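Let me give you the structure first, and then I'll get to my questions.
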Amino acid sequence: MKTKRVAFFLLASLLLSLGASAQRPDAGTQVVDSIEAQHQAYADVALQIWKFAETGYQEVKSSALLEARLAAAGFSVQKGVADIPTAFVASYGSGKPIIAFIGEYDALPGLSQEAVPERKPVMTGAPGHGCGHNLLGTAAMAAAVAVKDWLASDHRQGTVRYYGTPAEEGGEGKIYMVRAGLFRDVDVAVSWHPGDSNQASTGSNLANISAKFRFHGIAAHAAAAPDKGRSALDAVEAMDMMVNLMREHVPQETRIHYIISNGGAAPNVVPDFAEAYYIARHPDMQVLDGIWQRITDAAKGAALGTSTTMDMEILGGDYNVLPNSHLSGLQNKNLQRLGGLKYTNEERAFAEALQKTMLGPVRPLGSEEKIQPQSSSITPASTDLGDVSWNVPTVGLTTATWVPGTSAHTWQATACGGMTIGIKGMMLAAKTMALTGVDLFSDPSNIQKARAEFEQRKGNVTYKPVIGDRKPPLDYRKQ
Amino acid sequence: MKTKRVAFFLLASLLLSLGASAQRPDAGTQVVDSIEAQHQAYADVALQIWKFAETGYQEVKSSALLEARLAAAGFSVQKGVADIPTAFVASYGSGKPIIAFIGEYDALPGLSQEAVPERKPVMTGAPGHGCGHNLLGTAAMAAAVAVKDWLASDHRQGTVRYYGTPAEEGGEGKIYMVRAGLFRDVDVAVSWHPGDSNQASTGSNLANISAKFRFHGIAAHAAAAPDKGRSALDAVEAMDMMVNLMREHVPQETRIHYIISNGGAAPNVVPDFAEAYYIARHPDMQVLDGIWQRITDAAKGAALGTSTTMDMEILGGDYNVLPNSHLSGLQNKNLQRLGGLKYTNEERAFAEALQKTMLGPVRPLGSEEKIQPQSSSITPASTDLGDVSWNVPTVGLTTATWVPGTSAHTWQATACGGMTIGIKGMMLAAKTMALTGVDLFSDPSNIQKARAEFEQRKGNVTYKPVIGDRKPPLDYRKQ
Amino acid sequence: MKTKRVAFFLLASLLLSLGASAQRPDAGTQVVDSIEAQHQAYADVALQIWKFAETGYQEVKSSALLEARLAAAGFSVQKGVADIPTAFVASYGSGKPIIAFIGEYDALPGLSQEAVPERKPVMTGAPGHGCGHNLLGTAAMAAAVAVKDWLASDHRQGTVRYYGTPAEEGGEGKIYMVRAGLFRDVDVAVSWHPGDSNQASTGSNLANISAKFRFHGIAAHAAAAPDKGRSALDAVEAMDMMVNLMREHVPQETRIHYIISNGGAAPNVVPDFAEAYYIARHPDMQVLDGIWQRITDAAKGAALGTSTTMDMEILGGDYNVLPNSHLSGLQNKNLQRLGGLKYTNEERAFAEALQKTMLGPVRPLGSEEKIQPQSSSITPASTDLGDVSWNVPTVGLTTATWVPGTSAHTWQATACGGMTIGIKGMMLAAKTMALTGVDLFSDPSNIQKARAEFEQRKGNVTYKPVIGDRKPPLDYRKQ
Amino acid sequence: MKTKRVAFFLLASLLLSLGASAQRPDAGTQVVDSIEAQHQAYADVALQIWKFAETGYQEVKSSALLEARLAAAGFSVQKGVADIPTAFVASYGSGKPIIAFIGEYDALPGLSQEAVPERKPVMTGAPGHGCGHNLLGTAAMAAAVAVKDWLASDHRQGTVRYYGTPAEEGGEGKIYMVRAGLFRDVDVAVSWHPGDSNQASTGSNLANISAKFRFHGIAAHAAAAPDKGRSALDAVEAMDMMVNLMREHVPQETRIHYIISNGGAAPNVVPDFAEAYYIARHPDMQVLDGIWQRITDAAKGAALGTSTTMDMEILGGDYNVLPNSHLSGLQNKNLQRLGGLKYTNEERAFAEALQKTMLGPVRPLGSEEKIQPQSSSITPASTDLGDVSWNVPTVGLTTATWVPGTSAHTWQATACGGMTIGIKGMMLAAKTMALTGVDLFSDPSNIQKARAEFEQRKGNVTYKPVIGDRKPPLDYRKQ
């Protein structure tokens, strides 16, 4: 059966390419042109979501807009997947291969900003797209639609999917979607992220685990009967101290950080409740698991040593991204084919003004025109895409949606994402991913190689989401 | 309605004083009878304030009611003293001696409770008179008025004052009034406090100092650049640790307690701000001063050792009460003369029901009928009366306004203060203090002895309010 | 006046003894006189042991000397009891009651000192009798012999015992003797201790427990592979920190102190071994047990939180002394009968010279002539007599063997114990205890009352030695 | 006997150099052959020093032997330089360039071991050459002599020096020699170190600073008057804690490690003295300086916060090695020319037996035959050669003197250094360095390029020895 299908697929490819080469532009040109033809339409979608600026799990209007556009483009849309109202999967075609484009669309609290090169919130304290997810979700849609159109026009077999993944910023929507099995049959996941340069990296990032450690003691009047009390704050400080001692004895790439999210109610009462909020990170989830066990032991030891009790609530945990050199190679090839960005005079003036608001030496202007060489460095950040990448061969990409030198999670990033500079970067990403999509559908060996590398890198690790059976924290941005 | 009741009250007073002058009973009998004659009127005032249940510096209606009654009784009232709207001094007479009766009338947050022997808030979360200050302020007024009436009828020289002192619970109104010089010419201050037994103690309590230690560091992304950050929370924990080490090296009666009132904003950011809220106590303010210096050094050392900066805001500080055995002897004598309280059947049923809500072995029912022997023990609590006592010979008193076994700052205390059990205790206190007032005006040697003992106990200590030039924290209960 | 009084006393004594000898002097006079008759002999024994100056469990010559004298006086001596070569029990008589006199004879390291009022070691660094146990052991022997002689001359039934208890200073010889059952049949234990005043106290002292907490980690090169190491020193510091946090939450009379007896071998190696040496104390062993449990939990919590392991070695533990007011009353009566000490001119000069070497305000000269009133205060020290007192009704006594103002464990104490001042105090103690012995043998109600009080004070506590099944640490002073 | 051997050695040298000049091989071949001709003589020297096994600053016989050999070879020897009896400089020739060969010869405590592949100390607890410095000093001498012979035979200008640098293991002899100006006029310093592979690295290592922090408090009886004491151990623990907090906020390559070298004398006394012994390291001394300042601030903050005082004694501090790629390139070229080592059957059997005593996966046998590619990694160790390298262009080298898999500072390393395997590696190092010496004297551009790179790398850093004006710690290994 399998052999027959492959044979058919090869034959079909051959015929198609023969036919294509005769009168039709090559598939790559076709998808790139089809995206460019929708430049204004996609810009409108991105700017609309930029204005919605909805935070994690509250992306009602943003997800509805994307769903509507995908439906209009011929996708069938399954809404509210994985018990998350703003998560969805849009699908076109049937059978294998199944290629997924990953979309995000949540904004960040407090980063409201007009599209001007000076600090000026649209509404003080309101959310803003400081991580460029309005561009992220739109480019992924553009790529999916372009590949779908090409598939359709070419009568090719296979499935194109768009995954609407909410709450990347701390809500970890993708992990709940992975847990729900939504990625089970996917062959390759194609994704990207806004940035301040153009690059198809083969590197990775940090796995992380976050949790609240809650300690329970016995209240007592701190002046009259402190000996009758058992301080939960003592436990928090003892845990912290043991973790600080531990810093010497973990690999140096480890990161452990905490706040005391509840340090007692009133100084004249021995606190019967106190809470520490921890995040730990390491480039390798397997190593991090061992470190996390020791952090948990520090919490247990602190409870034991202070006559208190402890319970831990895991808030989340992202796997590190499992890189895929073969897939990155495709993205890099396609990015090179398309080249960097060219600012207009107005954009350059905007960029120069914006750079003046940044501290320290920054990436120079002009670098947006170039494609950075591939790199395998570790980014000190975490993303729920990591969990996708341990289940499906996954590839990323960065384009210069932000003026060189711009950091993520800044008002500067919000500003760029609301004007033409952001849109240009978004269009480059959409086209690059569409080309990669074509590569994957056109040449089955790409998928085979990506899968083989995936299996080799994954080794004998059994993926197990850190979140366990926790429900999606749909309210984590409310309050 | 109100006007009518006042008119009746005035008439009754008139009749009583006429009757009194007719047969000329001894001064003690006269003041006791005059108070008892107003039983219902004073009960009404106390219950009115109980219903107002206004917290510190918000006692607008409570202070206005007391001011009005004192004015109606012939006192001249100076309102809004010491830059505090709800502080006042009511005065009658002229020249020496000057005897002060001390009134309080602030309620406590969260202790709203109906006058029933089971937990039942009038309004959930609302304030309530859990420390009996509705009784406190009213009894002091009753004593002041009775002594004033006697002075007037006897044409004696001297001045009776009533000090309306707000915000005893954490706001330390008296200290600002002391600082403003309002007690400068007073010869003796007579005070009392609600309790669950009848006693004229010669003991003392704990001086205290409270402050917030605020640390300032440098924020940085905790995963990407923790080495660029300087954690203010590190400083708080380092300070706490040094204070915990210090516990071994302070006199064992010392109390030091703290909460972490701000332990960082988000775990993925190195906290650039963190705050610890400390209270320290010791039976002797002079010793406490030295301990406080060391706590401050711990804060400075923590800032130095964590590359952060620190500033401290003193929130308050009460002197320990300087006891006066001579004055306590007078109160004890007068308390013995009057004897304890007698519950009705209904009151006893209430008391029995209330005791069932208390944990552990408690003072037995029936003890409200007795007068406890004098004691010189140290109460592990603090009061702004302490500052008065280092400026003026001061005497206290406790009566059983609460069912035996009741602790201060409980709903049980609120309940008792809103019904006849509280009123009975209040009347006993008013009469005892009035008798002491008569003793002081009648026999100048009492004042001389009290002053001599005061000077001897005070020694060469120069009183200096801990609050320095801080303004009254009029908003400390708002929020 | 004074001289007259003494003269009268002597005359009275004379008359009394004359009268007594006529018809058999009273028993008290008999034992007092028999001790005084041996003044020089007992002084020789005490000074001999003073010169031996043997430390805990090394008291070979000292114990042999006492054994020889007791044997010579007619006692049967059982040597090397409780597996301790220098422990012994000397016994005379048979049957009930059984009265025990408690002797000690160990010296202290480093306190070698000639019997002169300026610092001058016999041999620098050598041991010396800085706690007066040369006097302690001799006086107890004198009392035992005198009571035995009286029993014998009077043909009374009963048993007199002398307990030779070594290593009171840290070796806790008595506890091993108690554990061996040697006190099981004793009715009353009579003891005393050298001091700088004369007093029969009804107070108590502090129970204590001491132990070493040993932590085991994993060594690693601290520069090359600190993440491979698990620091045992981390565990010690974590334990210490949790204990310091605990200080706020134990009764204020508690004492917890520690050193880090092993803090790692070399800074460039992650320590795989570290050790903390703890002592905890409280006036009540039952309370201390609970606190010790929490200290142990802190050690366990520290091991858990630092990925190390822990083992604890209990080094010792003294019960607090269970006082016996009835027995103290007898001692007090007898001490009053005998009166204080009278210095010669030479002794006074010595005392004055010695006081000049002391800091701060000290007990005045002349106080040695007085008997201090009984007191029930808590002495902040520990003794293995505590364990005896929970098994047998026990009584203590202090006499002024040291110049007023002298502290225990000082060269000044050693100096006094080697000359007539120490001997005078010793003789007073011997006579007082002998009189108490006579009281106990003469009047059975004394023993009954002592026993009844003992049972009442002990309550339902089951005595269990802290040392468990540990062997006597015979080498603790070697090294 | 010794004299005869020396005479023979001199004669042999003479004959060889005569022979050499006859046929005039290339300079490289000449120096390599001249070293090989002395194989047994150099082996004898190395084994002699191996047997001396003298620790730092105690290398009296070892330095005397090397001095004698260098004098015999025609060098003029200046003994006892820099106020260090076992430091010396041997010099031959005059004028520029001046090329220095660096020798070390101190052993390590406790690593005594026979030259057998199982643990067997020559004398238990005695020192041993666990870091191969017997080979180090001998190879440098062989290179110096060979280059000198070639210079002499070629009548070239320039100076060859041998620096006898004692106490590399913790005594930092070179730094005192640098401070004394002994390297001021040197053009290039050529050095090497024993290892388990052959490599001419361009990497660096860790700068370090070590010191003792001594805290002084106030002693007090820990049970009777803990409030009178100020614990120096508290200060040590507070310092440690603040340093542990600091770990999060230093670059991740930083290493900070400590022991508590004095943690108090007795638990019942509040410690008035305690001491922490710290080492800190970082790849860059300039960064380390800033970190050290913060560690010192933690110590000061701890003293302030615990009412104690602190003094710090700097024990030492090595600069990181400033690499020189040009010079490493020469060493690499010469190492490649000579090739790796070939074991005999007996050596291979020894190596196999030795590898069986090692844990974990180790470098495979056979790797000694290869030359490792150059690498720029950071070795997590420190050496006083670092200070030389900031004053003079300096180059290192590693050869496989130890069986692959052997770590420094082990008995296995001692064993290898006492038999033919160590000697073979030593000979390879001697020849490589001699070839490099020839390169430097032959082609002035090598020195110019090395200098230029040195200046560029050094930048505007002003070298300042960490030790300040501290005297050489000549007794640091006594005790």
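Note that the chains are named A, B, C and D in the order they appear, and that numbering of residues resets to 1 at the start of each chain.
By our rule, a contact is a pair of C-beta atoms (placed from the backbone, for glycine too) under 8 Å apart; a residue touches a chain by one contact, two chains touch by 3 or more.
Given the structure is predicted, the values throughout are model-derived calculations rather than measurements.
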(message) With centres defined by CA atoms only, which chain is the most remote from chain A?
(response) C
(message) So using the touch definition from the top, which pair is joined by more C-beta contacts, B-D or B-C?
(response) B-D
(message) How many angstrom lie between the centres of chain B and chain C, each centre taken as the mean Cα position?
(response) 50
(request) Compute the distance, rounded to whole Å, between the mean C-alpha positions of chain C and chain D. (result) 58
(message) On a C-alpha centroid basis, what's the spacing between chain B and chain D, in Å?
(response) 73
(request) Please list all residues of chain C that touch 2 or more other chains. (result) 222, 226, 237, 241, 245, 248, 252, 257, 270
(request) Mind listing the chain D positions that touch chain A in their complex? (result) 241, 244-245, 247-248, 252-253, 256-257
(message) Show me the residue ranges of chain C that touch chain D in the complex, using the header's touch definition.
(response) 206, 208, 210, 221-226, 233, 237, 240-241, 255, 257-268, 270-271, 277-279, 281, 380-382
(message) Looking at the complex, which residues from chain B come into contact with chain D?
(response) 222, 226-227, 229-231, 234, 237-239, 241-242, 245-246, 248-252, 270, 294, 297-307
